[in-house]
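So that we are looking at the same thing, I have put the structure below in structure tokens.
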Amino acid sequence: MINFSYTIWILLLPFLMFLLLGLAGHKLKAKLSGLLGTFGLGIITFLSYLTAYKYFFTSEKIDGAFQKITALNFTWLQFTDKLHIDMGVLLDPISVMMLIVVTTVSFMVHIYSLGYMKGEKGFERFYSFLSLFSFSMLGLVLATNIFQMYIFWELVGVSSFLLIGFYYQKPSAVRASKKAFIVTRFADLGFLIGILILSFNTKTFDFISLTNPSGAAISQGSSIGFLGLSVMTWSMIFVFLGGAGKSAMFPFHIWLPDAMEGPTPVSALIHAATMVVAGVYLVARMFPIYAISAPVALDVVAYVGAFTSLFAAVIACTQTDIKRVLAYSTMSQIGYMMLALGVAKYGGETGLGYMASMFHLFTHAMFKALLFLGAGAIIHSVHSNYMTDMGGLRKYLPITHITFLIACLTISGIPPFSGFFSKDEILAAAFQSNKFLFAVEYAVAGITAFYMFRIYFSIFWGKDTQYQHTPHEAPATMTIPLIILAIGAAVSGFIPFNKLVTSDGKILETGINLVIAIPSVLIGLLGIGIAYIMYRRESTIPDKLAAMFKYSYKWAYNKFYIDELYLFVTKKIIFRYIAVPVAWFDRHVVDATMNTIASVTQGVSFRIRGFQSGQLQKYAFVFITGAIMLAVLFIYLWK
Amino acid sequence: MDILSLFVVIPVLTITAILLLKDTRQVRVVSAFGMGLQLLMAGTLVFLYLSARHAGNSDEMLFVKDYLWFKSLNIHYSVGVDGISVAMIALTSLVVFAGIFASWEVEFLRKEFFVSLILLATGVFGFFISIDLFTMFLFYELAVIPMYLLIGIWGTGPKEYSAMKLTLMLMGGSALLLVGLLGIYFNSSPDANRLTFNILEISKVVIPLPAQRIFFPLTFVGFGVLGALFPFHTWSPDGHASAPTAVSMLHAGVLMKLGGYGAFRVAIFLMPEAAHELSWIFIILTSISVVYGAFGAIAQKDLKYINAYSSVSHCGLVLFAVLMMNQTAMNGAIIQMISHGLMTALFFALIGMLYGRTHTRIIYEMGGLMKIIPFLGVCYVIAGLASLGLPGLSGFVAEATIFVGAFQHPELFYRIVTILAVSSIVITAVYVLRVIAILLLGPTTNEHFEHLPDARWFEKISVVTLIGSVAAIGLAPFWLSSMIGTSLHPIIDKIIALNPF
Amino acid sequence: MNSGIPLQYFLILATVMFFTGVYGFLTRRNLITILMSVELILNSVNINFMAFNRFLYPNKLEGMFFSLFIIAVAASEAAVAIAIIINIYRRFTTINVEDVNEMKF
Amino acid sequence: MAANQIMFVLFSAMIVIFSILTVTSRRILRAAVYLLFVLVSTSGLYFMLNYQFLAAVQLSLYAGGIVVLIIFSILLTSHISQKFESSGLKKNIFSAIAALAGATLSIITILDYNFSATTEAAKEVTMKLIGSSLLSVNYDGYVLPFEVISILLLAAMIAAIVVAKKGAPKPTELPNINQE
């Protein structure tokens, strides 16, 4: 058994860094705190790679399957004998893989931010929040039990809140951060309820015993029914709600585009590569339960994923803010991953989707982080988010241009870049189990290529915009991460995921299925071709098209009015028709009742005080009359 | 001298010292010193308690002392603590300590203010150490009455109205409570000639069920009024809004806990059968409190009102959990009391400090304060995050324990109600973030606020003490939880032994 | 010496006197006349005491001493009352009992 | 009709008549004089009952002291010739009804009650007996009430002086009791 106990430092270091930068950051020089944060994360990255190496290549396998290793665990909060929240580190293929993803992207973002955020007010605050985020995300990834995951889940949410609202004086950023937090919080409510149901039926939080495919936990819950579905299904649906919230699945997706108000490195780290895939990770983590005892819930996952990927891709075609386009593209890609999980089964060949999903998660993290960081470099030099303000930038930003192009080719699924491989696996998995979903995803692949190259051409080619300040290439701190990530995006497709990350830990034999691969490449090329025609040079085709499909364009441009619907529900229904009436009710009914009791008492006492007239003779009269009456009573009537 | 009585004696000595002082500037120093001593004592008590438990002392109550006080009614001055009371005492001393610093700049009748404040604290300490119902009631009243003066004299806004309302409603609760306590007393012995007020002795007898059915609701509602049980919570918004800072802190932070603690220690512990039988009524009321309080808080404009409604919601959760009557939920209830005590005290302290600077509590009149007063702003955010149950701060520990515990209830009805109560976490997030967004974030709206000073040293002491405690509980809840848990065992055992449900 | 006069006669006489006093107390407005009514009431009680003493317990002196003390108390009462009345007169420039009604509510 | 009966009738008639006049007369000084007559008649009754000491006290203290005091105060506060306006008819009627009802009730009760005649021998009430009883500490002694009443008298004297002496407070100094 390999000793993994050092992995505690993967959690502790960022936390300590957060405390250090958060409490003492304002006393340090801004640059120093940035370097400190980056250095800390460097160590963590190193540790993660070390762990990955040790886990994948030196740890023992049993039956050819990777084992789940609890590196360390201690009871944090005891509820009952069986139910307790532990804090610990669980190593298994997906957590180790996520470790790599999170630390790599985070490290890149740390370096990138040294350049991007230079001179910003609150530089050290930014780094302390980044450390907090890294801590929470790593804790989430390494959680040994579902409640630990929930804890870090919430912490991730709050770091996201803090980072989106980093420019706290900008009202739109404040609104966006609030929205992100509340929407995900609402979804987390589902997660929590799911955990409660799960824990009530299985009496455990622990992942290892929960997800043991032949364990008691899985068989226990599935036998009890409630409202037509098994309790396990209910709890898994609720848990998925949480995942859907974090991963911006429809209908909880509305926070993600707005979250782009945060600094771009944050968007790259949290809202593209790591946090938003937490939902996928959650489903993957609970996958045996989904697959074995809650297949209905898994179908929900698949359909929600498929719908979101299509829905987001359509919206992405119409947006002009490049970060928003990327955000919708993220949603769409996560939809892919969800779908892949949803169509998978536990173990063996049928578990292809699981592996594909994880594979895509990995490659997506690389290329989407790259896209965002590239977008950041562009915004940094142009000072605008809108692609209408851009054009012909390839001359000014050569490195950014090349890396961005690589990323676009990757996401469009053009071989030999990594996106091709992972997307191909997903399509294959969908094709295996559900032709309808396959068709949807196939279409989405084309749309993806189209909208990615739409922004690519608009930014780097297109019209030659006159800039007030000549755009210049970003500093080395920003371009180096771009290059590294570009290499990652280009080559990570060759990582043998089928040998490393599979649903049951065993090796899965896969190959490129040409029947699927060739059409998917073709539709990608088609998308690129259309984009080339429409956006390579300044042309009127897009406007004409938009005019032709006026209404559908308008709907898509306005994100199908989902935001307005939410606003209606929250502002109108909840605030105006629940909260305000409750407040009114409290003041004017409950409190008024109490006040009425008081004022009735007071009124009665005002009446009674008339007896206390100060007229001596009245008192005497009453007294005597009373005395006489009492005498009569006692002498004659009492008897 | 027994250590527990010192908790009453030290405040009394402090009050005496204050009264003897001529220079009013020294008053706050003396108060801070006395309450600092009290805080040290609380620390010592926690240490002594844990070491006694560690040494294997498994009595239900430790450090028990008993003096006959009023013979013909068998009233004793008897004190004793278990883990729960120790935790509450520690909470109280923390909040009082912070409260002294939060009211550092009271100018008007300073001496009298501190005397009343410490008198209130005396009552609270006495309440938590008492194990004799009558003495307990006596201290309870002692804690409630200075509140009238504190709000009526040093308050703001419609202070007389609020003070009167608060006092009358709490006194109404006390009246019910007194009847309940006497009912317990007269049923405390099967042969009616060894009547007692001692909780431990009463817990050994089974009060007849018909009597329980009458006296349980009385006692529970009596304490529930103080614990802001719907629909008897309306004193809370007005009272808090009018009270001066330290009083709000103490009231929401500690005094409202008397309700939860009493409901648990007296109503449920002594009359578990009726509690079990009638719990569904109160479960409904408390879950209404939880959700309704949270919704009420969304629509408020005044910071203190927001916080008062949030207190209604959180304290409702305490009573809710207590009524679930199982180990985990009750454990959660106690942690929630402590957690809410600390964070609401923090909130009120911060609100007081903001009010002292901006002279308004209407959130719409403020804005963008984070840039101007970053220290207070950050503290407010932390308090808010604690309130909405962020892991790593105490609120989460409490709520998680409550929800997990409540959801283990074997009856479906209770689990469904639990889900309702759980939904309050979203509503809490909504109002907390709404306030933070309007108050602290965004551009500065009022140029008069541009040059407000950030926190001064005494304010920092007050706030840091509370934040430190909130974070300590949130990061390392296991010791607190296990300390409470071990003390809950005999109580739960009794409940389970009596009710094989 | 008092043979032929039953006890009841004295009692009835005292009763009449008592209730006359009561009537006066209830109707007169002048504080001094009210005081006089009180004196009447006290006197009627004294008569009762004396009569009881003489007719029922002639070998004891309780009734007489009681009356004696009542007279003493009445005297002090009258003195204090008149002092108060004079003070009231100074304060309100009237001793009409209906005008002296600030002791209310 | 025996002499004592005649005397009783006489005294009681005077008492009743002058009592009524006392409480109905509309001139205050006259009322005081009527009161004097009542008190004197009462002392006559005491003589009749063979309590000479008490009768003397009655005469000197009541008739001599209190009535004079009352008259002085009348002179201090009223005009001698002042005539009261009659008090309200309603008030008179109700008071009369109350008084009559009380009187009727009492008289009926008195007549109903069967007083047992005593056979005890009457005690001679001598001054010596009165003096020794008043100061006796024995079972039938009255020293305690005596001391109490003496302190009361002293207190009353001081109180009368203090109360009457104090100058009228100016209206501004008065606590305004109507303030909330």
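Going by the order they are written in, the chains are A, B, C and D; count residues from 1 in each one.
Going forward, contacts are C-beta pairs under 8 Å (C-beta built on N, C-alpha and C of every residue); 3 or more make two chains touch, one makes a residue touch a chain.
Everything numeric in this text was worked out from a predicted model, so none of it was measured.
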Does A-B or C-D have the larger number of C-beta pairs in contact? C-D
Centre-most chain [mean C-alpha coordinates]: B
Once you find the CA centre of chain B and the CA centre of chain C, what distance in Å lies between them? 62
Compute the distance, rounded to whole Å, between the mean C-alpha positions of chain A and chain B. 36
Per the C-alpha centroid definition, the whole-Å distance linking chain C and chain D comes out as 4
Pull out every residue in chain A that's touching 2 or more other chains. 617, 621, 624
Counting only residues that touch at least 2 other chains, which ones in chain D make the list? 91, 94-95, 98, 102
Two or more other chains touching the same residue: where does that happen in chain C? 22, 26-27, 102
Sort out which chains touch which and give me every pair. A-B, A-C, A-D, C-D
Touching residues (chain side chain A, partner chain C) in the complex: 609, 612-617, 620-621, 624
In their shared complex, chain C is touched by residues of chain D numbered 2, 4-5, 8, 12, 15-16, 19-20, 22-24, 28, 31-32, 35, 38-39, 42, 45-46, 48-51, 53-54, 57-58, 61-62, 65-66, 69-70, 72-74, 76-78, 84, 87, 91-92, 94-96, 98-100, 102-103, 106-107, 110-111, 115-118, 120-123, 125, 129-130, 133-134, 140, 142, 145, 149, 152-153, 155-157, 159-161, 163-164, 166-169, 177
In their shared complex, chain A is touched by residues of chain D numbered 91, 94-95, 98, 101-102, 105, 109
Enumerate the contact residues on chain C facing chain A in the complex. 22, 25-27, 34, 97-98, 100-105
Touching chain A in the complex: which residues of chain B? 165, 168-169, 230-235, 237-238, 292, 295-296, 298-300, 309, 327-328, 331, 368, 370-371, 385, 388-392, 396-397, 400-401, 403-405, 407-408, 415, 418-419, 422-423, 425-426, 429-430, 433-434, 437, 440-444, 477-478, 481-482, 485
